[in-house]
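Structure, as structure tokens:
Think of it as A, B, C and D in the order they're written, each chain with its own count starting at 1.
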Amino acid sequence: AASGVAMVSAKAANAEGDPAIINKQEWNQYLGEGVDARPYGMPSQFESHVRRQDVPWLTADPVSSVNFTPLHELDGIITPNGLCFERHHAGIAEVDPAEHRLMINGLVDRPLVFTMEDLMRFPRENHVYFLECAANTGMEWAGAQLNGCQFTHGMIHNVMYTGVPLRLLLQEAGVKTTGKWIMPEGADASGMTRSIPIEKALDDCLVAFKMNGEALRPEQGYPVRLVVPGWEGNMWIKWLRRIEVGDQPWHHREETSKYTDLLADGQARRFTWEMDAKSVITSPSPQAPITQGPGPLVITGVAWSGRGTIPRVDVTIDGGITWQQARMSGPSLNKSMHRFYLDVEWDGKPMLLQSRAHDSTGYVQPTKEQLRHVRGENSIYHNNSIQTWAVNEKGEAENVEIS
Amino acid sequence: AASGVAMVSAKAANAEGDPAIINKQEWNQYLGEGVDARPYGMPSQFESHVRRQDVPWLTADPVSSVNFTPLHELDGIITPNGLCFERHHAGIAEVDPAEHRLMINGLVDRPLVFTMEDLMRFPRENHVYFLECAANTGMEWAGAQLNGCQFTHGMIHNVMYTGVPLRLLLQEAGVKTTGKWIMPEGADASGMTRSIPIEKALDDCLVAFKMNGEALRPEQGYPVRLVVPGWEGNMWIKWLRRIEVGDQPWHHREETSKYTDLLADGQARRFTWEMDAKSVITSPSPQAPITQGPGPLVITGVAWSGRGTIPRVDVTIDGGITWQQARMSGPSLNKSMHRFYLDVEWDGKPMLLQSRAHDSTGYVQPTKEQLRHVRGENSIYHNNSIQTWAVNEKGEAENVEIS
Amino acid sequence: VSGAPAPQTAGFGLGRDALPVEIAAWDIDVRPDGAGLPAGSGDVWTGEEVFVEKCAMCHGDFGEAVGRWPVLAGGHNTLSDEDPVKTIGSYWPYLSTVYDYINRAMPFGMAQSLTNDEVYAITAYLLYVNDLVDDDFELSNDNFLEVRLPNEPNFYMDDRATTEYPIFAGDVCMTDCKDSVTITMRATVLDVTPDDGSEGGEEAAEEEPAETEEASVE
Amino acid sequence: VSGAPAPQTAGFGLGRDALPVEIAAWDIDVRPDGAGLPAGSGDVWTGEEVFVEKCAMCHGDFGEAVGRWPVLAGGHNTLSDEDPVKTIGSYWPYLSTVYDYINRAMPFGMAQSLTNDEVYAITAYLLYVNDLVDDDFELSNDNFLEVRLPNEPNFYMDDRATTEYPIFAGDVCMTDCKDSVTITMRATVLDVTPDDGSEGGEEAAEEEPAETEEASVE
């Protein structure tokens, strides 16, 4: 092991010793900023590369576009608010909470208007849920394309929400027996709308005003958004200003032109709400290569399912010839991200890395091959297939497809 | 209920309707900023009052001082990184991770030096833990003093950490059988040190590099800090650069001059590491008055114990004549904050609010009276007594003591 | 000093009644069955005029799109092609969605600025450029339900529970699962990933990414 | 292509051996039993000279403190008073802590800039201003263990498990727990809370808060 130590150490010491130890650093001797300097703190200057990033060629304009969570730089299961990916259709609405209202109308006994203060007087709940855009990994249907899990899988975040069960607000207005659907609507300039069946609305949806403890961020719908656990992100209406109750769905633009799944035969699935079990290795990955050479290596990633928890993730380093069960770490919560690890000793040879999630319903994440067999290559949304990274001898990783 | 509705509504509509609804807002029509504008996001401009705040008269200089988490503005159990209270003894060390080393020396088979890259190759774990300063609520020993739970109870935060079990690092160096204590040391200009018994070091301590998913913040010890679950915050050495293993404790400044508990008879307890069960109502509270008048009211707060979970919190609104069991909400994790709620119908009369935590060992949070009876009024640290807020007819709350 | 448990069944008495004038201000949604359609009308020629003035700079005079802005016309019979073109004419199932969306969200940057008659006229014009009506067509709340879009029958309810879940379940192979593995496609060949320098992508755009539809990020 | 489960017992082979010169650079801690004390010495008069030059602007010429900076001397027999003064002389149990702390953390703003002899001399001076040695005293690694601080016997191990936990446990009262309640103290009377305007506290400082010891925020 003694020679191994020398090999794997990032910086071997010479006889005079490591200057980082022998020489005093500024921060060992001199005072830093005080407790009055940073009323709201930000990451270290040495972490400025950890940021949301957009892909300019994807859309005509950054104002109706998406950026991506830097999954390859994160660990655990919580996404910090500043790094939660953004997807908006008319830019970030900067809503003044004093001027914000939530209306409930349609098939209710009494149409109501709530202020933010009114909402804060209902009983609240706290839950950690992932939000994944249905288009996450959508650019990969036709083939391996974007080289980094931030881009292939970064339309997801995982947050603890505080909010009022939607059920309580609907009960307050009194849903008529004919009320079978709701249509939440946003206050931004896209006036975002979706149709949601009343069963889901009365089950686990939240009208949330806090994320990870503090107020929602403007990018995420401040002052109030809908939380639709396990269902595609577009339904989680941001800047929520109205909920209409109706007897039929609305078939609005985001559930017809968009967010319908075009199959190979030209037919299309609609109302594909649930997000199936999925996982991805976040490190090593194209943006997080192995820099330290052979020896101990932490393979890690995230897994989630819109239909429950993730009791198990399998990892292969040889492209699927052999699989090992990964170690799950951190709380296992319903419809939340899960973190997995596989601690290996890397021999320095090329690897083909994949992860495969099992959810609590018994569903197993499919291969791209399996999914394309059912859906073809034009489906855009709901690509939850197994991702492959090819790692070379230098530790560099690439997004590939394999046989 | 119809008249009640009119009474409790924040803004009753006049016949022409609420201008916030009738008139279009800017954000309903015009585009906001795009996905390229905010690589790292910040809270809404309307939330600028939610910030860490220091108490200038407490210390000679803000560089060795403390600021406080705005508990009254937070919900759920996660403290966002930008709002985690700060306590440092020589200011915020801005450590370059490339120049940072962790040394293990003393009673070990092989003294070792790790780079950050080395640490990232050990198996990792994820856990949510509260960190409370032993001095939290310390200014309240002699009597009700600071008017706001941010100041009375804000030396606490609750974060999901990712890190390497300290046990693995110590095993790597090989602790000699004579090794009974460790002394972690910080790289900042205070060279912070504490003595920790080897049993705790080998149990649940973590050498953590991530908080709430992203890199530690400089204020919290970037690039690496010690996590000492359930034990007083000062022991969670930030900017961790060295761990010495020894056969005896060091009795350094922060475990003699400070963080010892002076009792009424002039004797003092030392090594009072564990943080006992505690709770506080965060709203209503002096900084979070009731603004909406009588009617439904959410009473909420947080509770925690360094010795387990919090299965139960009781709340009184009449100063302890009658208690009700609060509703716990959110994951219940070992040595983590817990969130509780009591949803009441406020009649507009004055209230005396208190909360009382029970932990999983059967310990019940004591009154100030009970605690002073054992410890006197000079104990400074470890004041985990029941807090009282007096709420008047206008909904204003004040920090008081009661008979 | 008193307080009773909050009522859980009878409601909390929170919020206030929404006034009819307030509901009218916000309740603009339209459904396939015509629910929500306001009174009004507009013809193809008026629609063209408004469209050329307020929409064409992005969507093109005939809905063919400028640059990467959305295409609104054409694409018939491309849905099972390698690169389907999904437009109002080729893909959308219901005309009501056209009315509703333009009325709530367009023009981009000046939402909810059109009159009802303008929206009817633009909708008529978009039917026309999609070869679904003649140039003398006038659309109104009266004849709205008579217009059906051709692709309506090709949508069906999510059927993953029967078509996929039984396949994607069950025991998994853990060892000796394949004889060999080959790499069949590499992302770096395309080279469309933004640089770490953040401004990347220009070069990428030239490289013709495999999937450039705007829809791919919805 | 291969990879075995990581070894959990034999160690990971990570990190590298620390060199003696590196350990020497960082291993500066001192313990009550003298472990870690470097060779060196310094007398009271030298200590005064250094102290006045490098420390007195904050701690006062005789450790009495300037403004709100820490007091280093005095406070004898105040530990059971209403406002105890905790100093090296009145409270600290071990002299080694004085050496260790000054050596690692003082002067504030220029840590680890003192020579070993300077630290011995300052420590001797601080013993002197605390009336624990005469003015001709010289402290060195040889006689260090002979000096004991007076308050050492008054520290004992945390005993909450026996003195508190049995009391703070058991059944709790839920109804009719008291006959009446009175407010006995109000924070607003003191008025020492910073304003929401954030710069508050000046006014507060004048108000003499009940607990202004620097220690109160440690």
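Just so we're on the same page, a contact is a pair of C-beta atoms (placed from the backbone, for glycine too) under 8 Å apart; a residue touches a chain by one contact, two chains touch by 3 or more.
In this text the structure is predicted, and so the values were computed from the model without any measurement.
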Target subunit D, source subunit A, minimum contact steps: 1
Of B-C and B-D, pair with higher C-beta contact tally: B-D
Chain centre separation in whole Å, for subunit D relative to subunit B (CA means): 23
Distance from the mean Cα position of subunit D to that of subunit C, given in whole angstrom: 66
Distance between the centres, which are taken as Cα means, of subunit C and subunit B, whole angstrom: 46
Length of the line joining the C-alpha centres of subunit A and subunit B, rounded to whole Å: 27
Where subunit B touches two or more other chains at once, by residue number: 8-9, 11, 13, 18, 21, 28-31, 39, 51, 53-54, 56, 61, 64-66, 87, 90, 103, 113, 118, 121-123, 189, 191, 295-297, 318-319, 324, 343, 352
Residues within subunit C bordering two or more other chains: 6, 11-12, 14-18, 22, 26, 108-109, 111-112, 198
Pairs of chains satisfying the touch condition: A-B, A-C, A-D, B-C, B-D
For the subunit C and subunit B complex, residues of the former touching the latter: 1-7, 10-19, 21-22, 25-26, 108-113, 198
In the complex, subunit B residues that touch subunit A: 8-11, 13, 18, 20-21, 25, 27-47, 50-54, 56, 61-67, 73-84, 86-88, 90-101, 103, 113, 115, 117-118, 120-128, 160-162, 187-189, 191, 210, 212-215, 217-219, 222-223, 239, 291-292, 295-298, 300, 327, 329-331, 333, 339, 341, 343
Interface residues, subunit D side, partner subunit B - complex: 6, 11-12, 14-18, 22-23, 26-33, 35, 58, 67-70, 79-80, 82, 84, 86, 88, 91-94, 96-97, 100-101, 104-105, 108-109, 111-112, 154-160, 163-165, 167-170, 172-178, 180-188, 190, 192-194, 196, 198, 200-202, 204-205, 209-218
Interfacial residue positions of subunit B with respect to subunit D in the complex: 49, 51, 53-61, 64-66, 87, 89-90, 103-105, 110-114, 118, 121-123, 134-135, 138-139, 141-148, 151, 168, 171-174, 183, 185, 189-191, 193, 234, 241-242, 244, 246, 248-254, 256-260, 262, 264-274, 276, 286-287, 314, 318-324, 352, 356, 358, 361-366, 370, 374, 377-378, 380-381, 390, 398-403
In the complex, subunit A residues that touch subunit D: 1, 4-6, 8-9, 11-13, 15-18, 21-22, 24, 28-31, 39, 295-297, 317-319, 324, 343-347, 349-352
